[in-house]
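Please go over the structures that come below.
Same chain, two partners: chain A is paired with chain B first, then with chain C.
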Partner chain A sequence: MKFSVSKEKLLAGLQTVQNVVSTRTTLPILSNVLLQATDGQLRLTTTDLDVGVSGVIDAQVEKPGATTLPARRLANIVRELPAAEVQIEIDSKNVASIRCGQSFFKILGLPEEEFPPLPKFEGAKTFTIHQQALRDALKKTSYAISTDETRYVLNGILFSFKENKLTMVATDGRRLALVDLEVEFPRSSEGEPIVPTKCVTELGRLLGDEGDVRVSVGDSQISFEIGGTLLVSKLIEGNYPNYRQVIPGEAKERITLERETFLNAVHRVSLLSSEKSNSVKLVFTKNNIEIAANTPDIGEAHESLPVAYKGREFSIAFNPEFLQAPLRALPNDEIFLDLIDEMSPGVIKIQSPYLYVLMPMRIS
Partner chain B sequence: MALTTDAAFQLLATAHAQNRLAHAYLITGPVGSGKLALAARLAAVLFGQAAGDPLAHPDVHRVEPESKSRRIVIEQIRDLEHELHMRSLHGGKKIGLLLDADRLQPQAANAFLKTLEEPPPGTHLLLLSAQPEQILETILSRCLEVPLRLVEKRALSSAQLALLDALRAHARHERPQIPHIFGLVRDFQNLLAEAKDAIRDETEAAFKTEEKHYKQTSEAGHWLDDREDYYKALTEARYLGTRSDLLAILEQWWADALRQQQGSPELDLPECAADTAALAARHTPAQLLRKTAALEQLRENFNRTGVQEALATECAFIAAFSV
Partner chain C sequence: MPRVIFHVDMDAFFASVEQRDHPEFRGLPVIVGSPPDQRGVVCAASYEARKFKVRSAMPSRTAGRLCPHGIFVRPRMDAYRAESAAIMEILRAVTPVIEKVSVDEAYLDLSASVPPGGDPDAALEAAVPIARAIKERIARERHLTASIGVGANKFLAKLGSDFRKPDGLTLIRERDKVEFLKPLSVRAIHGVGPVTAQMLEAKGFATIGDLQTRAAELPSVVGSFAADLQARAFGHDDRPVDTSEERKSISAENTFLHDTDDRPTLRAALKEMAADVAQSLAGHELGALTVQVKVRYRDFTTLTRQVRMEDPVTTAREIYRLAQFLLARDRLVTGPLRLLGIGVSTLVPPIRRQLRLPI
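Let's turn to the complex of A and B:
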């Protein structure tokens, strides 16, 4: 196998796939990147058996073939190469000779047969979504994914394809983020796969602003095709809990807030929320919210925020981190905070189909 | 009642056909009773696979003792649970296979309870053990036991045959003196040392092959470190197995003498019937019982940590082979 390729393209290609390679692999071959050279193309593939990424770059292929090389080692070499054109030749023993300007490198690899193939999709349902819309939806939900390893079904985002809508949900049991996207598909394609966190992270990295992403959902895998790049992941086993149940009904009070002002105020006050209770209190009075926190023996903080509020006076407490997370992720200038009473969950909404349910904390 | 692998397989296959296969089975039975073979046949049925090794299927997630102390540790259980909570590669069934389940570390066993009681959909857990009495009650109560029995006796290893020769030679001394006994101890210890060297050479060679193949060609340094530990543990575990097999010969030797005395027709070592008959004639039942007790004590000592192997052997041999 012999090909030459521009340094920038090769480096970009390697960086696209390299993230999947973990430093603690369960099989040595998983630390390598699969290189397949065919007509004018070089395909780069990595996998950790749960998630796999494969990308294509243009190359002048003199002799087609395939091999695997240590991913990080190769990327480190390519990053430091001087000139624009890199020539790589691989012999029958999987020894790679890399030539670039005056530099020469020789590294050893493993045969391509050892590399586990990415799964094939049979009878998969396919969907087309705009890249930016999906990236935006991921940003609005992914922070609420549970990291509790004992609750596996929550270690990912639910992709619920139903009634010409893609509803994406993430929750850790104390808060829940949900986004609706309009997607066209036949009724027979409905389904509710749960996409694991690692795939969500990779997907967020790969998605751009322009063009569509083609999503294929199989019985046990999901794939995302973005341009020439393919991301394949196993799905999480099990059924997602009934999230509709935790979304509160009619709100009693709706408070319109300036997102950034509110975020900054909560952030400042949370500096003095105690590690033990870890809460900030919102006290609603006429046309005013007082945000307060205190830690016994250390001190207290409070800040007033003028708002248009004419409802009854009451107070409610939230975990400051959980309150700030959606405020950081949302792009909108204005958000709505829907409340019922002290003990009912609060809901953050925006103009577009999004909601964030947050359990209140007990006020002592 | 203990079953043959065929009978056990029939039961499991029927259960599968009627869609009432349990989610967790504990397959028990002595070494060589076909526990792994039964697991493989069950896997073939679950995957509908006719050819190849069904246990090499990518949806079989295997765990076996790995640490230096030859235990299944909590990280292995966590990894297994992670794998089982992902959909299977081909959308079908998944198998969690635990070899030597009696070697589960208590923390690992406790971490496993929830999954064992209610595994993810489409998952079957197969726990294999030759010593189920050492498994925690909480694990046992969550599995259906499939007890297997030995169908054929295993052929004796060359070390075991050599030990029998030494025993025969020793039995010619009507009144064995201390030097004779120490001669036998030395024979026993030489056999152990030879076995240890052979096992170490074999596992070291296996590790060298892997290291040579992967060291330069991938970036799996951690993996190689783990493999080195794995092979060290494997060496130790295989040595302990060989030692236990040799000790079994000594036990069977005196047990046969006792059986001959009582006129029992079934012998563990029929090829030594004449020798054990002569011993039976020379000893009283009480003497023979003391000898078997001494060997039992030796086995117990071997199972403890911090016991000097040589010292324990000498003490036991003096009790077992003097008059």
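Let's turn to the complex of A and C:
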């Protein structure tokens, strides 16, 4: 196998796939990137057995073939190479000779046969979604994914394909983020796969602004095709909890807030929320919200925001991190905060189909 | 002010209570625990049984073999707890500065109970009559014997109570402590378990005397534990007598009549233990941040696995769920189990300030 490729393209190709490579692995082959040189193309593939990524770059292929090389080491070498053009030649023992300008590197690879193939999808349900829309929806939900390994069904995003709608849901049992996207598909394609966090992260990195992503859902796997790049992942097995039941009905109070002003105020005040209680209090009075926090023996902070509010006076406390997360993720200038009372969930909404349900904290 | 610490240790506590309550057992080898023809272990052995090398935590079957004429008695935990409460009452009358270590031992801080003065050994000597009075009162009122160690810190007091058992009273003076420690095994130091002991012994540290003469070498052998070890080797220990009544952990375990990997049996046992532990938590008005499972296989290999939560766990359902999670995550049920247990620790007030979605 022998090919020449531009340094820039090779590096970009490696960066697309190398995130999946795990640093601590018992299987050495999983640290390697599979390189397949065919006519005018070099395909790069990595996997950790749960998630796999495969991408293609242009190359001048002199002798087609395939091998695997240590992914991170290869990327580190390519990054430092002195010239624009790289020539790579692999011998029958999977030893790679890398030539670039006056530099020469020799690294040892493993045979391609040892590399676990990415799963094939046959008879899978397929969906086409605009890249930017999906990326935007991931951004609006992924921060609410649970990291509690004891509730593994929550360690990902639910992709609920129902009634020509993709509803994406993430929750950690304290807050829940939900986005609806219009997607067209036949009734027979309805389904509710749960996509694990690692795949969500990779997907977020791979999605761009233009063009579509083709989603294929199998029984236990999902794939995303973005241009020439393919992302494949195992699905989380199990049933996602009934999230509809935690979305509150009619709100008692709706407050319209300038997102950035509110975010900055919460952020400032949270500097004085104690590590132990970790809460900020919102005190609603006529046309005003006071945001307050205090830490015993350290100090306190409060800040007032003028708002249009005519409802009853009351206070509610939230974890400041949970309150800020959606405010950071949303692009809108204006958000709505719907509240019922101090012990009921608050809901953040925007003009488009999105909602964020957040449970309050007990005020001590 | 010089410190004066007592370590009060009841002699063969469970077995002694049985011998007291059953005069016909007196002078005979009494073994408290499961019968020798059944599963389970020895909880306590009388001094007569110890002559046959019967030790607590040993399988009852082994004990039966070592001591064929042993009198096996089922433990009466309620009776021992009640007895323990009566003894702690006697100790509390001496000083309120008391740390109950377990059902049959406690540390007392008598520093404020002896005449003030600069000389540490004079203070310790002045406390000996108090120790004698405690032993007498326990013997008179409870018809049981205790061994007491008197020293300037917890480490020395504990060594003292262990030094001459049963019915002992040992004073370790400050001026004698380094000599007293010299011949003792490194294993006498709290924190030196079998693994550390082996590490030390492999490097030629057999006695505390070895630690004293080669203290400078310790960091290369035991790393960060070296500082504590050096301090103990010379009889230093500044741990206070901890008077807080805090529970540190709650656990339940079950030795099966026959080794089993039958899922319904294991689930039922787990569920029952989760309920027991949850009830204890509720009784102490506590929640737990750490949940642990313990499994013991046929060959007595014992494994524990734990998980740390962000919010306190309080309900049987949650404890059961987490125990199941641990067993599944670490694939612990690979063969028949002899024992299965659940424990909770990092106990905190059972308050969830962050409310949860009903999901």
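Quick notes on this structure:
Criterion: the second predicted complex is superposed on the first by the 364 of 364 C-alpha atoms of A that agree within 3 Å, B and C clash if a C-alpha of one lies under 4 Å from a C-alpha of the other, contacts with A are read in each partner's own complex, and residues count from 1 in each chain.
Just so it is clear, contacts are C-beta pairs under 8 Å (C-beta built on N, C-alpha and C of every residue); 3 or more make two chains touch, one makes a residue touch a chain.
Owing to the predicted nature of the structure, the values given are computational and were not obtained by experimental measurement.
In this superposed model built on chain A, chain B and chain C take up the same space, so to speak, and clash. In the superposition on chain A, contact is made by A:277 with chain C only, not with chain B.
Chain A is touched at more residues by one of its partners, and among chain B and chain C that partner is B.
In the superposition on chain A, A:176 makes contact with chain C only, while chain B stays out of contact range. When both complexes are overlaid on chain A, the residue A:361 reaches chain C alone and has no touch with chain B.
Of the two partner chains placed around the shared chain by superposition, chain B and chain C are both touched by A:150. In the superposition on chain A, A:343 makes contact with chain C only, while chain B stays out of contact range. Of the candidate stretches 134-142, 206-214 or 260-268 in chain C, only 260-268 runs into chain B once the two complexes are overlaid on chain A. Once both structures are placed on chain A, chain A residues 149-150 are touched by chain B and, in the other complex, by chain C. Chain A meets chain C in the complex at residues 148-150, 171, 173-176, 241-243, 245-246, 277, 279, 319, 343, 345, 357, 359-362, 364. On chain B, the positions that touch chain A within their shared complex are 58, 78-79, 81-82, 84-91, 114, 120-123, 213-214, 216-220, 222-224. Residues 307, 309-310, 321-322, 325, 329, 351-359 of chain C are the ones that touch chain A when the two sit in their complex.
Residues of chain A that touch chain B in their complex: 23-32, 50, 70-73, 94, 108-110, 116, 119, 149-150, 152-153, 155, 196, 218-221, 234-238.
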